[in-house]
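Order of writing sets the labels: A, B, C and D. Residues in every chain begin at 1.
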Amino acid sequence: MKTVEILDRSGMVSAMKDQLAIDPMKTAVVGIDMHRGHLDPSIATMPAAPEDCDRVISHAEDVLNFARSKNIPIIHVILIHRDIPGFGSEGKKSPFWVAVQEYLSEEDRLSPGRKSTTTTHNLEGSPGTEIIPNLLAPTDYVINNKKRLDCFYGTDLDILLRTLGTETLILMGINTNTCVMNTAFSAFNRDFQVIVISDCVASMYGEDLHRLGLENVKRCLGYVLTAKEFKAKLSSG
Amino acid sequence: MKTVEILDRSGMVSAMKDQLAIDPMKTAVVGIDMHRGHLDPSIATMPAAPEDCDRVISHAEDVLNFARSKNIPIIHVILIHRDIPGFGSEGKKSPFWVAVQEYLSEEDRLSPGRKSTTTTHNLEGSPGTEIIPNLLAPTDYVINNKKRLDCFYGTDLDILLRTLGTETLILMGINTNTCVMNTAFSAFNRDFQVIVISDCVASMYGEDLHRLGLENVKRCLGYVLTAKEFKAKLSSG
Amino acid sequence: MKTVEILDRSGMVSAMKDQLAIDPMKTAVVGIDMHRGHLDPSIATMPAAPEDCDRVISHAEDVLNFARSKNIPIIHVILIHRDIPGFGSEGKKSPFWVAVQEYLSEEDRLSPGRKSTTTTHNLEGSPGTEIIPNLLAPTDYVINNKKRLDCFYGTDLDILLRTLGTETLILMGINTNTCVMNTAFSAFNRDFQVIVISDCVASMYGEDLHRLGLENVKRCLGYVLTAKEFKAKLSSG
Amino acid sequence: MKTVEILDRSGMVSAMKDQLAIDPMKTAVVGIDMHRGHLDPSIATMPAAPEDCDRVISHAEDVLNFARSKNIPIIHVILIHRDIPGFGSEGKKSPFWVAVQEYLSEEDRLSPGRKSTTTTHNLEGSPGTEIIPNLLAPTDYVINNKKRLDCFYGTDLDILLRTLGTETLILMGINTNTCVMNTAFSAFNRDFQVIVISDCVASMYGEDLHRLGLENVKRCLGYVLTAKEFKAKLSSG
């Protein structure tokens, strides 16, 4: 089995984390694709591992409730694809997703060992597009026109964040190494302070890419905190 | 030492690679930050490892010459930061880069074990902003106003690619897990077919994150080919 | 009274129009803010003139039905502003709109002679956000997160148009000289062929700016056709 | 001759202008396409009228010197088109510009009565791409990869403005009704306070569209000040 030896950057990471301060007045949480299409194994078309679904949902519920108690705005960003007559899902515009669908069997696509589809994932009106009910409150904002991996691309997320006066983004959701990481990159590029909550992210692509995604954030882009660390930072801030 | 066991996805990856076809008429190469600021150890302000500099430059020179012989356009995208009076480098707008500079010693920042700086990296007019001369030909395009990690963000790369009729993007340069990966995400989001040439990318952040970057591309976004595989695909295409 | 003498460019305009061909397979209609907030005088918060409401609605209904009969996709793009707790409408982020609200009386703001408001216009859930029912069919696409003047800014319009294979954009709606013109600029910048249907646009700002908006499109950006001319072009194409 | 009667909005406009305050610490000037390709009749490929060239250059020189004396940053944004082998100018990607070139004689294109070309305008390396020397100082910023009408589209203007802490944009240059107006729209959409200096803008398309542009800005988007009014506002601010 191939392994990657993780470079020990604990000195750098802890020095950075010690200095991190979070001003709740300038903070927002972005929940990324925390819908049934990833997180409800009974109907998901791109399912995370069942144990990851449980872990992410329970920790996210806790962190979101805590954030709401501090009046930190929550923004859910959700991928929904239209079904275009004569073309199919908007996802079929992606050549990689089309090739995945065509050349791989349904248990061997993006989420190995679990059936998945790129070309009918989260079609408009399908149950997968529903945000996990425990994670959604009436005061949350919902942006439901995400079309690709990046929460900023083709959405009004940047406009909303500037209106809210956000400087620090708390990221959670699915998948650590794609939508979360891509959104972390875009947030970094727009000069937000980026924090990923490790207990509230997971990857349907594999535990390895989840772990490597977290390494990438904390050594190149921003911060990775556990749910507990995040709550402690906010309480002391 | 912590290790990550890489999930064996060789079946998926080889099935996808077998099907890959590259039309040279609809292909462009994007060389990412292949400048002296990363690749010339004598003056680099964010240096890659010396052995990686040699490896990347020699393979990139080979691949770029091959691509030019097939009339595939080459686009170099380079980060250059203005020095703003009373503010400093444009890079100081990034809160993470400012914290890295302030809280870490110069040998323990983004490129561990080698001195680096985020706040005077590739300032306009400094030698680091020069593209490695062996990699630049008069017919290449140069986009030199990249400001953050993503080659598409704040540049005319997308406009140029559409003018060229590009559908497949060949990516090379520095760093595998940041600028290359962020650009791979943005290219995926815009529905380009994405190919990273493994011999022509490296990461100043560590070998582990270099390998992560390649795993992430080939299992989530596109294709990873060696220089030899790329040339074979083009010759047979 | 001040007047502007319109330069006679009829030679240029008719030469260009004669050459114009429209391929229905590569065409889409974008209906811009054809909601009750502009077009229903009984509740509009930024009302067009009543006679313009009637004119635009009747011609738009005709043109949209014709387009649907040719299988041309219709995309409605609608401004809706969230009401942010402690801040107010997302529209209050605009310094000009805030100044308009503060320094002008309610009958002397953007739509002269008719009461209007910039700071509670088309709030989420308000009746103004409803598309004029006669103009909406179940097969139409709706993008309802437009936040400013440009239909492309912060929306997935560009993604949808590329998925549809659109090369020619038919624009209609409110206001000729702001949202329609701004969208015409953005479409021009993205290399779409732009056609504005003169019978289906109007300006709440004044007849003068409506007329000058049409002049600007046909002499600098694209084409202005009457509803009748558009239908003739499509039938002969 | 057709005329448009301008609606009398002098009450609105003067009320707004009275309230306008300009903080020089949060202001930047954007000079739009003030290059020889528009403003030097001896070589311009899209020439403004000679008397407009003189007017704009003399007033712009005065206003820019004044702004520099107040330490207000100046940003020149310039269109330059690459000459793509086998394709031609990047401007040939625009279907409207291609049609203009093909169907109209060289004295009857975008700048009526003066020879112009859309397909070889401001090619890289041509004299038209030079900023008018009197308008350029060593401390000015230059963004020279504008490709279409909007100074924000495909450039790093937004990144630079945020780095500079800009909230108020002073616009000048060519053409009032296209690049200046499109940039005014984009600046409005990004919540900048927009001010156009009437003495420093002109339109090669015709005096009527120049006047339209100014009316449109002051009634819909922002403010129009003479050079004298601008200097008075800044001195009293």
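By definition in this document, a contact is a pair of C-beta atoms (placed from the backbone, for glycine too) under 8 Å apart; a residue touches a chain by one contact, two chains touch by 3 or more.
Remember, it's a predicted structure, so these values are computed and weren't measured experimentally.
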Centroid comparison with subunit A (C-alpha atoms), farthest chain: D
Residue-number overlap at the subunit C/subunit D interface, same or different (half cut): same
Inter-chain centre distance, subunit C versus subunit D - centres from mean C-alpha coordinates, in Å: 24
Euclidean distance of C-alpha centroids - subunit B vs subunit C, Å: 41
Euclidean distance of C-alpha centroids - subunit B vs subunit D, Å: 35
Numbers and ranges of subunit A residues touching at least 2 other chains: 93, 148, 162, 191
Pairwise chain contacts under the document criterion: A-B, A-C, B-D, C-D
Residue numbers on subunit D that touch subunit C, as the complex places them: 1-9, 11-12, 15-16, 18-20, 93-96, 99-100, 102-104, 108-110, 112, 148-150, 153, 167, 177-178, 181-182, 185-186, 188-189, 191-194, 205-209, 211-212, 215-216, 219-222
Footprint of subunit D on subunit B - complex, ascending: 82, 84-85, 87, 90, 93, 139, 141, 143, 145, 147-148, 154-156, 158-160, 162-164
